[in-house]
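Next come two complexes, and both contain chain A; in the first it sits with chain B, in the second with chain C.
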Partner chain A sequence: MPWTPAAKRYNVRLILLTLLYGVFLTSAVYGFKHHLVGGAVAWVVATLPALPLIGVFAAMGRYLVEEQDEYVRMLLVRQMLWGMGFALSCATVWGFLEGFDLIRHIDGYWIVAAWYFGQGIGACVNRVTLGARVACS
Partner chain B sequence: MENRLRVLRAERNWSQGDLAERLEVSRQSVNAIETGKYDPSLPLAFRIAELFGLAIEEVFVSPSRAH
Partner chain C sequence: MIAAKQSDYTPAQRAHIRRTLWLLLAYVIVLPPLVWYQAHHHVSHGVSVAMAIVASLPLLGIFASWGRYLSDERDEYHQAVTLRRNAIATNATMGAAVVWGFLQAFEVMPLIEAYWIPFVWVVAQGISSCIPFCFRGRRGA
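So, the complex of A and B:
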């Protein structure tokens, strides 16, 4: 696994953002469960867990820019394209099924989980077709 | 794209890791280029050729001339 300097920096950012996500999500769930928030504050608290996830998207973009190894960068782009294609396909199919009342509604943030899962598929495709993997797979 | 990377490397008794270190890329990249799974960008191809003191066409085989 090529742990390039850029990949190491990405992983540090990812760990910090994941910890922040845990703190924000736990706080938000606790706050809403015990009716501690309301009004405009409720909007802010409910949005907080999304911010670290948005940060992860930014961290991935930054990793792409910082990665000096062009082959590793190509692997990452392939992986991300798989993630995007899988997530958008899931959202499209789910949307139509839901539109025709064949399936229940799910919260929109699950698209992020689908995106991550799709990247996992992309990493497997890289592994099978090129025998390669990147640090964030 | 076919290339003579493996031969040139062997002539100098360099491992893939040695070459990767000299090119400042991952060993995985060297392996991918060497096995033809990945075509390097022009700047990297120039770096490879210059490292061996050769012209690009002496390292990489033009796809139109490959058999």
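So, the complex of A and C:
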């Protein structure tokens, strides 16, 4: 399936945000490892790597708005719904396992990893049930 | 009046609300005894795992009910509104999770149980469903 113009723009945004993420994360890890930050600055530096990832979510929203091909948009929405259901289910089960003191706490960003994994499952479901493949994401 | 209000809902919405209410009832019935039993008895690891999964099942059912609703809904406008709300809530929740996650990783904030993520999602859905009303009010004024 050829990439639509909206998908191309989304991929450009995604690459730029990923590069920014790499820079911010490396800087934050370096800063904390060498005790260069403290107090209120620590909060800002810890939040920095999250900002490009939030930008990725915004880029996905923007892509859904910009995409003119309704079929491609429907595939992506299905994919995102699978991701959402999977991530929320993982968070709920993990949360109760933590609540009953059975497993250790995890950092919140693993939920986002579960969301992306769930989107991968959604893409497979699209492929199996509709024989469709989305070019991006 | 109630009958008039009920007629505003599509059949898929009514089914989803019915399923959600049953699942919330199951959740309210199941959770307190499990928490009480865990607090007052020495429970083996395997039983604790089973208890934790049983406690989460009604909530998983609610997520499944959302999916079922979206597939059952024949009114395209309602379907689009729900999808939009879900997308906003999901992105807001993932944003919160990623910020909290990095604050945890850099030991700036304490660790929290993961079930707060679905809680944030539900709150975000509520807020995103209020947004059109706010704009409508502004337009009306």
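Here is the rule we use: the second predicted complex is superposed on the first by the 135 of 137 C-alpha atoms of A that agree within 3 Å, B and C clash if a C-alpha of one lies under 4 Å from a C-alpha of the other, contacts with A are read in each partner's own complex, and residues count from 1 in each chain.
Criterion: contacts are C-beta pairs under 8 Å (C-beta built on N, C-alpha and C of every residue); 3 or more make two chains touch, one makes a residue touch a chain.
Note that the structure is predicted; figures quoted are calculated from it, not measured.
In the superposition on chain A, A:Phe57 makes contact with chain C only, not with chain B. In the superposition on chain A, A:Gly122 contacts neither chain B nor chain C. Shared-chain residue A:Gly108: touches chain C; no touch with chain B. In the superposed model, A:Phe32 makes contact with chain C only, not with chain B. In the superposition on chain A, A:Tyr71 makes contact with chain B only, not with chain C.
Shared-chain residue A:Thr4: touches chain B; no touch with chain C. Of the two partners chain B and chain C, it is C that touches the larger number of chain A residues.
Residues 2, 4, 68-72, 74, 130-132 of chain A are the ones that touch chain B when the two sit in their complex. Residue ranges on chain B touching chain A, taken from their complex, read 24-29, 32-33, 37-38, 40-41, 44.
Chain C makes touch with chain A in their complex at residues 38, 45, 48-49, 51-53, 55-56, 59-60, 63-64, 66-67, 70, 83, 86-88, 90-91, 94-106, 108, 111-118, 121. Note for the complex: chain A touches chain C at residues 28, 32, 42-43, 45-47, 49-50, 53-54, 57-58, 60-61, 64, 77, 80-81, 83-85, 87-102, 105-112, 115.
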